[in-house]
Amino acid sequence: MHHTARRRFVTHGLALGVALVARPRWLAAQSGGPANPGLIEDLVAANRILVDQGVLDGYGHVSARHDRDANRYLMARSIAPELVTASDIMEYDLDSNPVDARGRGSYLERFIHGEIYRARPDVKAVVHSHSPSVIPFGATGVALRPLYHMSAFLWAGVPVFDIRVASGEMTDMLVRSPALGRSLAQTLGARPVALMRGHGNVVVGDSLPQVVFRAVYTEMNAKLQSQAMLLGGNVTYLDPEEAKKAEASIAGTLGRPWELWKRKAIGK
Amino acid sequence: MHHTARRRFVTHGLALGVALVARPRWLAAQSGGPANPGLIEDLVAANRILVDQGVLDGYGHVSARHDRDANRYLMARSIAPELVTASDIMEYDLDSNPVDARGRGSYLERFIHGEIYRARPDVKAVVHSHSPSVIPFGATGVALRPLYHMSAFLWAGVPVFDIRVASGEMTDMLVRSPALGRSLAQTLGARPVALMRGHGNVVVGDSLPQVVFRAVYTEMNAKLQSQAMLLGGNVTYLDPEEAKKAEASIAGTLGRPWELWKRKAIGK
Amino acid sequence: MHHTARRRFVTHGLALGVALVARPRWLAAQSGGPANPGLIEDLVAANRILVDQGVLDGYGHVSARHDRDANRYLMARSIAPELVTASDIMEYDLDSNPVDARGRGSYLERFIHGEIYRARPDVKAVVHSHSPSVIPFGATGVALRPLYHMSAFLWAGVPVFDIRVASGEMTDMLVRSPALGRSLAQTLGARPVALMRGHGNVVVGDSLPQVVFRAVYTEMNAKLQSQAMLLGGNVTYLDPEEAKKAEASIAGTLGRPWELWKRKAIGK
Amino acid sequence: MHHTARRRFVTHGLALGVALVARPRWLAAQSGGPANPGLIEDLVAANRILVDQGVLDGYGHVSARHDRDANRYLMARSIAPELVTASDIMEYDLDSNPVDARGRGSYLERFIHGEIYRARPDVKAVVHSHSPSVIPFGATGVALRPLYHMSAFLWAGVPVFDIRVASGEMTDMLVRSPALGRSLAQTLGARPVALMRGHGNVVVGDSLPQVVFRAVYTEMNAKLQSQAMLLGGNVTYLDPEEAKKAEASIAGTLGRPWELWKRKAIGK
């Protein structure tokens, strides 16, 4: 599959050379060439893993920045994540225009992805979900904080994006324009997670394994923090210094759950 | 399958013409002819989907208005929803009398369905369930309100039907008569959801995909709202204007989870 | 299977006539003859259903009174309920002595069953479990009350058996003697459910389908009542008159979940 | 399998005799010889059981003391517990150095195991997990106490290890050195369970079945105790005398869940 895809890329390159004037629009647009099939495979796996782990249901989406063109990203057509296969993966530019739609529909909120990739060169993967345990934090303004080392990446705080404030009017709650996407990216800043009031959250990472890990443990932290707060004692969160150190150490272990999750997701 | 069903319908039509006096009671009653097999298939799927999604257990029922006769509706015989197949689907008139029972038993509470179809011409599908997270709201009078865009359809408020008040006496809690069904339909009014104190809830929609979507996200909203209230901050619900806009936007996406849910339910 | 079992019973009867002096102990003891194979099958199914429904885990047990001898009951040897097959079912007298152990071990707490069958001629089936949502009620003394019609059978109140009070001393918490079994039966009285402080609960019924139904909905009521109490409003429980009527009506529908549950449990 | 392994051990013994000077390092180190294959099989099963029971996810580890050499222990290479097979099991000395790594990676926190085996000759098996319901207790200092007989082993109290106090500085939260392992072992003392603030817990036992049982019911007790505390009444925990007696009685029944869990874990 990798071999075949590479050959197709070479063919595209040749075509680009000999047919500069007449080249079809979709080909011209694919300046970077096709993405690495391994990245596509990981993106398909990420969709299914996030369903298996209770982060996504019939809604939500995960994307990856194109590995050959930093101004492109890859994401499934408008379909439930659990059903995504390689042929559903589309390519978008950073304005979130599909490069070669071929009749495939796009998620209304793809601007979340495009604008974050534009604002954050370090980000290679983005998850937008309605991760259930996180919703109550976005609706109450109770701060989500790292309860244990697995969610240490939350140390810099988790901002809440309120679309009503951002847009200055009543919306349909959807990040359905570049302007709203930019506004959400501003709220996110340099952090890994932002909540969206009355909606869900967005998580970013430097790879698909990292963004999946963060999305899973953001959900888990929300569940555990709720329970800790109900127990009634004083909750001790990780100190920022502890959290920074823990985040760095855990970063070296992400392959462990990823290997497990991917094997189960692909084996289905 | 569709073809066969249509032919059977034509035959019925002919029989109706040539045998007006002697026609059997069940045939006369089927003035609209058999329902579209696709509708039957969706109704079977809806039963199983609602079990998969934790809305129904061994109890509860989902119905669809007949596509050829607005004065009829379709619902399974008295059987656990998970076991429903096409041959279990029966046809009822709006008095909730079975048109052609052939020995098949009926749900005691079918009047919920018949009376709502009578009162609400816009309604094409009805779910009655004991959806677990919703029960505590019906028992406490704490208002169920839309916490996020997925349950935006709750914006007009969720009334609680108290059968003791409606009937003026102690009952067995079951909506087992046309009068009680009418009373419940009045409480529901023009809204999509009504709770039933000490019992469960009823959800209506303009199609099976919509009513299933609403039943699933009514349960989810109840779960998330409970958690948000326990977190202890002020809960910000969707503003009615936001919710109306969100409801309209989400309406265009119902095919996405429906495709997923149906594929999984039928594949079983 | 039924046929074979009946023939074996006839053979036993003959043996009883011709070999009165020399008859083996186990044969003499089987005065009622073998139980109906359908009852054995239902008892095996009940074990697995209660695991499927989250009432039993690796511990707990369900028994049925012998259909031919009211002074006998049937229960699995000491084994995890999920693993029970017909050959694991043993027969006990009301002193909870095994009639024909053949080396098979017995549950330490079988006296719960024997003493309830002795005290309650109306009872045909007993479940003892550590049903999780119920444990906190037994430990806090917060009264378990019927929140909805499915658990209407709780209307007469749910007493709590405290083994420390009953025995007048510190025990190992286990109902491991006839005296403790009698004491628990007294606490239960004429009711369907009793909690056991720091341990679990016992549920009785007039059949296996009824006792399984009651055990499942006792667990569900405990879960929903906890959630309702946390919501913070006033909880409206079923009025006893409503509950009595609801219990009577629901009694006619037990075949519906039983058919579903048994099909899934046996199909495994 | 047992037979084959024993023969391999004999071969090793011979090699040890004839090649004393030139013997490879890994062979010299295996002074006790290979572990019993039955112990390896149980250790593989324990990994999978703890995932099935919700104690482990993609992280955490379980070990067993070597049955032929009390100064050695066995644990999987650094891999998700659900994926562990016999070939992943490595041998460690009590300094937590791998005896024969052959390129296989080690868990960063193996010192938890080595130092507990050194400090506690009675301990034959250790589980380290992020068991979810237990995390909030470690973060709040609310004491985990035995709510029912299944978790009676908690009677002596459950200490909380705070790595910041133990190390006197901000750490990455991981027990990644012998010194930190010793400190945790000191906090544990003679007890079966210790919590780790902002991290998880450690559970010990005199066998794999016992440590698995304890890890499962520590998680369950945490869940049930949280619910009991929320119900708002006074929670009655087991009296220490009751708990000691219950622990002794339950100890005789551990084979029952172990048989079930192992059959399901291995059957996968």
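Residue numbering begins at 1 within each chain, and the chains themselves are lettered A, B, C and D in the order written.
FYI, a residue touches a chain if its C-beta (ideal position, glycine included) is under 8 Å from a C-beta of that chain, and two chains touch if they have at least 3 such contacts.
Bear in mind that the values here come from a model prediction, so they are computed numbers and not experimental data.
J.: Going by C-alpha centroids, which chain is farthest from subunit B? Tell me that one.
T.: Greatest centre separation from subunit B goes to chain D.
J.: Could you check if the interface between copies subunit A and subunit B is built from the same residues on both sides, meaning over half shared, or from different ones?
T.: Both copies, subunit A as well as subunit B, present different residues to each other, with under half of the numbers appearing on both sides.
J.: Between copies subunit A and subunit D, what's the superposition rotation on C-alpha atoms, in steps of 5 degrees?
T.: It works out to 90 degrees.
J.: Between subunit B and subunit C, what's the gap in Å when you average each chain's C-alpha atoms?
T.: 36
J.: Distance-wise, how many Å sit between the C-alpha centres of subunit A and subunit C, to the nearest whole number?
T.: 50
J.: Using the touch rule from the top of the page, what residues of subunit C touch 2 or more other chains?
T.: 230
J.: Please classify the inter-chain touch graph. Allowed labels: line, ring, star, complete, other.
T.: ring
J.: Can you check the complex and tell me which residues of subunit C touch subunit B?
T.: For subunit C paired with subunit B, touching residues are 147-150, 152, 220, 223-224, 227-228, 230-239, 241-242, 245-246, 248-249, 253, 256-257, 259-261, 263.
J.: Any idea which subunit D residues touch subunit A in the complex?
T.: Interface residues on subunit D, with respect to subunit A: 57-59, 78-80, 82-83, 108, 130, 132-133, 135-137, 139-142, 164, 170-174, 176, 197-200, 226, 229-230.
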